[in-house]
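Below is the structure I would like to discuss, written out as structure tokens.
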Amino acid sequence: MNNDLPSLTQSLHDFATARNWEQFHSPKNLASALSVEAAELLEHFQWLTEEQSRNLSAPKTAEVAAEAADVLLYLLQLCDKLNIDLLAAARSKLIVNGEKYPVDRAHGSSKKYTDL
Amino acid sequence: MNNDLPSLTQSLHDFATARNWEQFHSPKNLASALSVEAAELLEHFQWLTEEQSRNLSAPKTAEVAAEAADVLLYLLQLCDKLNIDLLAAARSKLIVNGEKYPVDRAHGSSKKYTDL
Amino acid sequence: MNNDLPSLTQSLHDFATARNWEQFHSPKNLASALSVEAAELLEHFQWLTEEQSRNLSAPKTAEVAAEAADVLLYLLQLCDKLNIDLLAAARSKLIVNGEKYPVDRAHGSSKKYTDL
Amino acid sequence: MNNDLPSLTQSLHDFATARNWEQFHSPKNLASALSVEAAELLEHFQWLTEEQSRNLSAPKTAEVAAEAADVLLYLLQLCDKLNIDLLAAARSKLIVNGEKYPVDRAHGSSKKYTDL
């Protein structure tokens, strides 16, 4: 099985088409679903200390992995609908972030670039 | 440039290390940041009709792409910290979803599998 | 029973104290929980059309009401911890919004004030 | 000025009507906006330690108060549209929570009631 993003996107497309779900998958709805899944992932961490979050048990990690998967699946479907090249966008964003947060000024700081 | 997820994850790792940001990047904090970015993406759609969301202008699509990139970047960093193989998790989830939502029962329905 | 917000806040305070939950209720954690509850509320609407969302069944409305309650309960606890007067803040925000969105320019537009 | 929730809800209603915004304010859209505002509130805390979140500066607290206000304003508008009595729902939820989390079993635990 080829595990890359285009192949995964195609699988998702086929999955939705087979179930006649395209009617529900407007970008607006997919963006909502993405946000809901991200919150379900966050729920696993809400009462943990940061230290505890760095030391999850194997079963808890598996639960988090399943939520992370949901986030990716909706993100890919959203990008598919909008013809967004997600990896290209991510690479571009990394370059932009490098300019917003120069190493010397951002070192050891969690401030937003507008406050650096 | 190799655009695949492991290479992107490595770039993110180097980016954070160069800025001494690892101290802020607990899984708990990354999960919060992921959720915040997903909401920023959703903000672009909140007052649009579904139809409008299917017909974004090019500039608006570029803004959405930048938010989608942010979501992916935090998702990859979170999975890196927790040693989660995101693509494997996504493939597994797709199989699980296929069992939860059999084609014949889920066809044309937006109900949750627990209500099918 | 007095149903106003200070009395509700006091009940929440007593509830958490009786269970020794104050240790978990940092503003950071309460803000996460608030966001998670808001997403649980959103989940009820994610696949509905706007029209369907205006015509919920009574049982669905009851489910949404329970989620709305959760949002309020965490919001009150967060404001309690930070000594924020929520109603005063809401009144102030309404005045600020009136200035950002003057009736003549904002009429019938869903644009953000920065784009009006 | 009467600061209670019904009066605030009425002000919000008048505000939206004067701007002809009712067309955008479907429950679906208001639920999205609520979730987006909750995430904006969370953003203020995402890189803070829990300890730092307990000791916000006055200006930062004012920013958080403004976001908390936004959350309440959308929550009230959503409940108004769905004829939900928010305070009654909150009181009911507190009773339900008391049953889900009995003092003796929930004491000092952050576990979900299903895991207690």
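Which chain is which? They are A, B, C and D, in the order written, and residues in each are numbered from 1.
Operating definition for what follows: a contact is a pair of C-beta atoms (placed from the backbone, for glycine too) under 8 Å apart; a residue touches a chain by one contact, two chains touch by 3 or more.
Given the structure is predicted, the values throughout are model-derived calculations rather than measurements.
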item	value
Repeat of the A-D interface, chosen from A-C, B-C or C-D (over half of contact pairs identical by residue number)	B-C
CA centroid of subunit A to CA centroid of subunit B, Å	2
Intercentroid distance (Cα basis), subunit D paired with subunit B, Å	25
Residue numbers of subunit C (touch at least two other chains)	24, 29, 32, 35, 38-39, 42, 45, 47-50, 110
Touch-based graph of the chains, sorted into line, ring, star, complete or other	complete
Of all residues in subunit A, those that touch subunit B in their complex	1, 3-5, 8, 11-12, 15, 18-21, 23-24, 26-29, 31-32, 34-35, 37-39, 41-42, 44-45, 48-54, 56, 61, 64-66, 68-73, 75, 78-79, 81-94, 96-98, 101, 103, 106-110
Footprint of subunit A on subunit D - complex, ascending	32, 35, 39, 47-50, 110
Residues of subunit A touching subunit C in the complex	24, 29, 32-33, 35-36, 38-40, 42-43, 45-47
